[in-house]
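Heads up, the next two complexes both have subunit A, just with different partners, subunit B and then subunit C.
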Partner chain A sequence: MSPVVEVEDLKVYFGRRRGGTVKSVDGVSFDIAPGETLGLAGESGSGKSTIARALLRINEPTSGRVVIGGRDVTKLRGAALKAFRRQTQMVYQDPYDSLDPRMRIGATVEEALLVRGVPASRRAAGVRELLDRVGLPASYARRYPHELSGGQRQRISIARALGVDPAVIVCDEAVSALDVSVRAQILNLLKDLQEEAGLAYLFISHDLSTMRFAADRVAVMYLGRLVEIGTRDQVFTAPRHPYTRALLAAVPVPGGRGRGPRARLAGEPPSPADPPAGCAFHPRCPLAAAECVTTRPELRRKDDGRITACHFVPDAPTGPGSEVTA
Partner chain B sequence: MTAPIEVPGLETAPPRRPLRQAWRSLLRDIPALISIVALILLALAALLAPVLAPHDPLRTYAEGLTDQGAPVAPGGGFPLGTDPNGRDVLSRLLYGARVSLTIGVFANGLATLVGVAVGITAGYFGGRVDTVVSRITDVVMSFPILLFCVALITVTGPSQRNVVLVIALIYWTYLARIIRGMVLSLREREFVTATRTLGVSTVRILFRHILPHLVPAIIVYATLGVASSILIESSLSFLGVGVPVPEASWGQMIDDGRKYYEAAPWLLFAPGVCLIVTVLAFNLAGDWLRDLLDPTAPERR
Partner chain C sequence: MSALLDVEDLVVRFATPGGEHTAVRGVSFSVRAGERVGIVGESGSGKSVTAQAVLRLLGPAATVAGGAVRFDGRDVLAFDRGELRRWRGAQAAMVFQDPLSSLNPLVRIGRQVTETLREHLGLDRRAATAKAAELLASVGIPDAAARLREYPMTFSGGMRQRVAIAIAISCAPRLLIADEPTTALDVTVQAQVLDLMDGMTADLGTAVVLISHDLGVVSTFCDRVLVMYAGRVVESGTADQIVEDPRHPYTRALLASIPSLEGELPRRLPSIPGTPPQPGRAHTGCAFADRCPLAADVCRAEDPEPLELGDGRLAACHFADRSAG
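For the complex of A and B:
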C-alpha cells in the first residue's frame, strides 16, 4: 500500500533574536503506511515535536516536502489548508491545556463535526457516537474538562480528532502525562481505533516502554536528525546505532540489577543551536574516532539491511538501493 | 471497543437552565443581590427624575437660602437641603444621576467595546497591526489624561455627548493593553492550537475560544471603569469643560460641595454616597457575573 505520509528531507529552522539559526529538524525523511504506527523516539530537544508541528503546519517547514494523502501540504494556503487540516490531527501532551476549559465537552467535540459540515440536526447524535467510540458515556457531553480525569480528557482529545475523520493522527507524548494503568487503556483505545479506521499514527514519545508497546516501526532522533530507523523488533532487540543502544540501556528493567554494566550516556545533549561538527553524537559516543569529528555519517542502509547513520556500522554493498530515504 | 467508564455520583450533572441558575446563585450572593437592586433603583431614579424630583433642579428658590444667604439644611421643604445657589439638592441629585450614569455607562461601555476589539486584533494577529496599535496606545497613554480631555473638549465644545466620546477615546487604550497581553498568551495555549489545526475558522476561534477567557478581566475593568469615568467627568466639570452648567452631574455637585463642606456637609454627602453606592454596586454585581460565567468556579451552595 502506498504510504499516507511521506516526509522528504524536512528542515525546520528557527531564527534567533541574537542571530544564528537553530536547526531544530535538519533533513529528516520517513514515511508512514495506512494503519501503521511509526514511533519517533529521542531526548527532549531532539526535534520530535517540531516534526509533529511541521506535519500539522503549526510550524512552517523551512524546506523539504511533506506529502499527505498524495499531496504536498507544505505550501497550502487558505481553503486548501483548511481542507488539509482535516486529514491530519493531533493528540496533545497536556490533557489539561488541550481542551478549552470554558467549553463543555459536547461543544468541543461538536466543533470537529461543525468543521466537517455536519448539519446541526445530526451533530448531537454525532457527538454521542464519537464519545461512544472513545469509551465515554454520552452524558459527559454536558461536563466541563475540569470535571474529568487526565485519561478521560485524552479520550475527549481523541474523539475531537476523530470527529473530522482524519487519515493520520499525531500523538505527541499523548500518554506521557498519564499514570501507567490509564496509559495502557489509552494505548489500547488508540490501537482499536487504528484497526477500525485504518488510521496511521506518528507516535512521539521519550518513553521507550510505551514505544515498544505502541509502534510498528521506530525512528530514533538525535539533535534534529534521524540516527536509526527500523521495525520495532529490530530496534529494540538489536539496535545498531550507539545512541539507540545507550537509550535502550537507560530503560529500567523489572527485577533490576544483574545485566552487567550499562552503556551509560555521559553528559547532556548538546544545544541544537550549536551542534557538534561531524557526527552530532560524537562527544558522547563510546565509539567515537577521528572520522566522527570531521565527517557526518549519512543515514544509510547497512550490510544487514538495517538503516542507520554511523561510521562504525559497515555499509551494505554499494548498488541500487544503498541510498535510502527511509 | 472499550467499555464506557462509568463514574458513579458524577452522573447528576447540573441541568442547563441558565436563567434559573443565575437566579439561584443570586439568592446565595446577598451583596450581589443588593447591588443589582440598587442599580435598578438608580436607573429608575434617573429615568423617572422628572416625576420624582420635588423641585426644578435648575431654579434658585428664595426660600432655599437663609437670611444670611447660606444654603438650607436638609429637612422641611428641601429633603436633602439646598446648595449655595438655593437649588434643591435632591432634585439635582436625581437629574445628576441621568448625566453621571449615562457617562459612566456609555463612555465606559464604548471604551470597553473598542478596547476589547482592538486588543484582540492586535494580540491575535500580531505583526504590523500589533505594532501600530501598540504605538497608538503608547501615544494616547503618554498624555496627561485631563489635559488631553480639556484640549479635545475645548476644540469640540462641551456637551454630554462630547464628554462621553472623549473619555472613551482615552480609556479604550488601557483595556486594549490588558486584552492584548492576555490574548498574546492565550493564542499560544494548546487548546487554541488544537482548534486551529482542526480547521476551525479564525472568527470562531476568536469568539468561542479567546473571548470567553477574557470575560473576567473585561468585567473587572468595565465595572471599575464606570467609577473612573464618572470621576473624570467631575474633574472636567470642575475645570469648566464638563457637562455645561447649570445642568447637574454628581461630579459637579461633589466639586461644588467640597468648598462648603464644613458649613454644609450635605452638599458633599448626598452626591458622594450616590457615587459610592453606584461604584460599589457595579463592582459587586460584576464579581457575581464573573463567577456566574466561570464554569470552573466551585459551586457555592
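For the complex of A and C:
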C-alpha cells in the first residue's frame, strides 16, 4: 500500500529581522502508511511543530516535497490551496484556542461536514454521528466550548477533524494539557478511531511515555533534523543515537530510580538560529570526538538495519539501500 | 519527634461570582526537618492552593476557613506582616512553575538576587553582589558575574528556573515549597533542575514539599507522597508504598493510566471514566465515587475518613484495607 504521507527532504527556513536564517526544519524525510501512527519526538526548538504546520501549508516549506494522498501539496495555489487547508485537520494542545468560543459545538462540527460537501438535509444526522464516535451525547451539540471540560473539548476537536473524512490527522501535543486520567481516555479514543477508519496519525509529543503507547514508529528530532527513526520497540528498547538514549534516561518513571543523578546531558538544546557545526548534538554528547565537531553525520542505515545519524554507530556494509529515506 | 511543618485540617474557600466554594477540604500533613514530601494530583485537586495557604500567598478571593499551619511550633496563620516577611525567604521559600511569575521582568537578575540577600542576611551591596555571583555559579549558570546585569528575558526557561532556585535557597531556608518547578521544561533540562534541587537541598538540609501532576517526578524525588483528589488527601505513604502498593483506587487508576516505558503495553490504556470534579462542586459521599470501580452505596452516602493502614500509611477509602487483588 502506498503511503498516505510522503515527506522528502523538507526544509522550512525562517528569515530573521536582524538578518540570518533559522533552519527550523533542515532536510527531513519520512513517510506514514495508512492506519499507521508516526510519532515525532524531540525537545522544544527541535522543529517538530514546524513540520506539522508545513504539512498543512500553514508554514510554507522552503524546499522539499510533501505528498499527501498522492498529491504534492507544496504545489497547491489559490482555490486548491484553500480547499486543501480546510480538508486537512490538526488537533492542537489546547482545544480552547482552536474552537470558536462563540459557536455552539454542533455548528463547529457541522462546518467540517460542509467542507466535505454533505448536503444540509444530512448534516444534523452527521453531527450526531460524529459526536457519538468521539463518545459524547448528541445533546452536546447545543453547548458552547466553555461549558465543556478539557477532555470533552479535545473530543470535539477530534470530531471536527473526523468530519472532513481525512486520511491523516496531525496531533500536535494533543493530549499534553490534559490530566493524566483524561489523557488515557483520549489516547484510547484515537486508537479506536484509527482501527475503525484506517486513519494515519502524525503524533507529536514531548511526552515519551505517551509516545510509546501511541506510536507505531518513532522519529526523534534534534535541532531541525532527524537523528533516529525506527519502530517503537527499536527506539524505546534499544535506542541507537546518544540523544535518544539520553532523552529516555531523563524520563522520571514512577518508582523507577534510586537516589543519584538523573541528568545524562549537560546544557540545553542550542538555538536553531545558531546551530553548532558538525553534528548539532556534539556540544552535549558524551561520545563527541573530533569528527563530530567538523562533519555532520547523515541519517544512514546502520549495520543492524537501524536508521540513525551518528558517527559512532557503524554503517551497514555499503551497497544498494545504504542511502535511506526513512 | 516534632515536625518542622505541621498542617492540620486545613480548609480553604474561594469567593467566586457563582458563590463560595471549598478548594481544600480538611488537609493534614507534616514535614520533618530535611524531609521531602510530594503532593501529587490533577487540576482542581487543591494541591497548589494548599501550598499557597501554607506560605500565606493566597490571593484576595481565597480565605483559610479552618485549620492550622505551624512552622517549628509557631502559628503561621497568626503571623503579622513583619513576621511573615522575616519568615518567607529566610526560613521558608517557594519556587513556581513559571519563574517569570516570581522574577520581575523589568529588573536585572542581580538586583533580584541581592534584594533577598540584603534583606535577610543584612549584607551590603558589594558583599551581596559577590554572594549573588557565587550563588548563580553554584546553580550552574556560566559567566555568572556578567549575567547578573541581564534581564530575565535573556535567560532560557531552564536558566530562569535555576535563578529562581538560587534566590529561593540563598538564605538557606529550612523549607522549600516547589510548585510544578519543572513542568514547563524539556525532559533533559527537567532532569538537570531536579538534580540541582536534589543537591542544594541535601547540602543545606532543607525540607522540600514538591507539588506536581507527574507521579514520576514526585515519586523519584520524595521520601513520602500525598495523593490529592477534589480538595482532600486520599492517600499518603512512602514513595515506594504509593508506587508499588497503592491502596486508594484513585492512586491505582492514576498509576495504571500512565503508559510504561518498558515491558508489554496494553492495546488500550486502563483509564478513569469521567473527569475530575469541578472545584467546589458540592457532593455527598466520596468525591471519587462517580469514577470509581469499587463504588458501593456507602461511598455515595459517606465521605470516607482517612484510614490508618499501619506503617504510617493513610488512605481515605471505605475499601482501603482490601488489598489490590
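As a convention for this text, the second predicted complex is superposed on the first by the 314 of 326 C-alpha atoms of A that agree within 3 Å, B and C clash if a C-alpha of one lies under 4 Å from a C-alpha of the other, contacts with A are read in each partner's own complex, and residues count from 1 in each chain.
Assume a contact is a pair of C-beta atoms (placed from the backbone, for glycine too) under 8 Å apart; a residue touches a chain by one contact, two chains touch by 3 or more.
Values in this document were obtained by computation on a predicted structure and should not be read as measured data.
With the C-alpha superposition on subunit A as described, subunit C and subunit B fit side by side in the combined arrangement. Of the two partner chains placed around the shared chain by superposition, subunit B and subunit C are both touched by A:N188. When the shared chain is aligned, subunit C comes close enough to touch A:V180, but subunit B does not. Once the two complexes are laid over each other on the shared chain, residue contacts for A:R212 go to subunit C alone; subunit B is not touched. Contact with subunit C, but none with subunit B, is seen for A:P254 once the two complexes are overlaid on the shared chain. In the superposition on chain A, A:A33 contacts neither subunit B nor subunit C.
By the touch criterion defined above, A:P269 lies against subunit C but remains apart from subunit B after alignment on the C-alpha atoms of chain A.
Applying the stated contact rule after C-alpha superposition, one finds that A:R160 touches subunit B and leaves subunit C untouched. Look at A:H146: by the touch rule set out above, it reaches subunit B but stays clear of subunit C. Shared-chain residue A:Q89: touches subunit B; no touch with subunit C. Put simply, the nearest alpha carbons of subunit B and subunit C end up 6 Å apart when the two models share chain A. Shared contact residues of subunit A, touching subunit B in one structure and subunit C in the other: 152, 185, 188.
For subunit A in complex with subunit B, the touching residues are 56-58, 82-83, 85-86, 88-90, 92, 94, 97-104, 111-112, 114-115, 132-137, 139, 142-144, 146-147, 152, 157, 160, 163-164, 185, 188-189, 192.
For subunit C in complex with subunit A, the residues that touch the partner chain are 42-43, 156, 158-159, 186-192, 194-195, 198, 213-217, 219-221, 239-240, 243-244, 253-255, 257-262, 265, 267-273, 275-276, 291.
Across the complex, subunit A meets subunit C through its residues 43-44, 149-152, 179-185, 187-188, 191, 206, 208-210, 212-213, 236-237, 246-257, 259, 261-266, 268-269. Contact residues of subunit B toward subunit A in the complex are 1-6, 10-11, 13, 16, 189-191, 193-201, 208-209, 212-213, 294-296.
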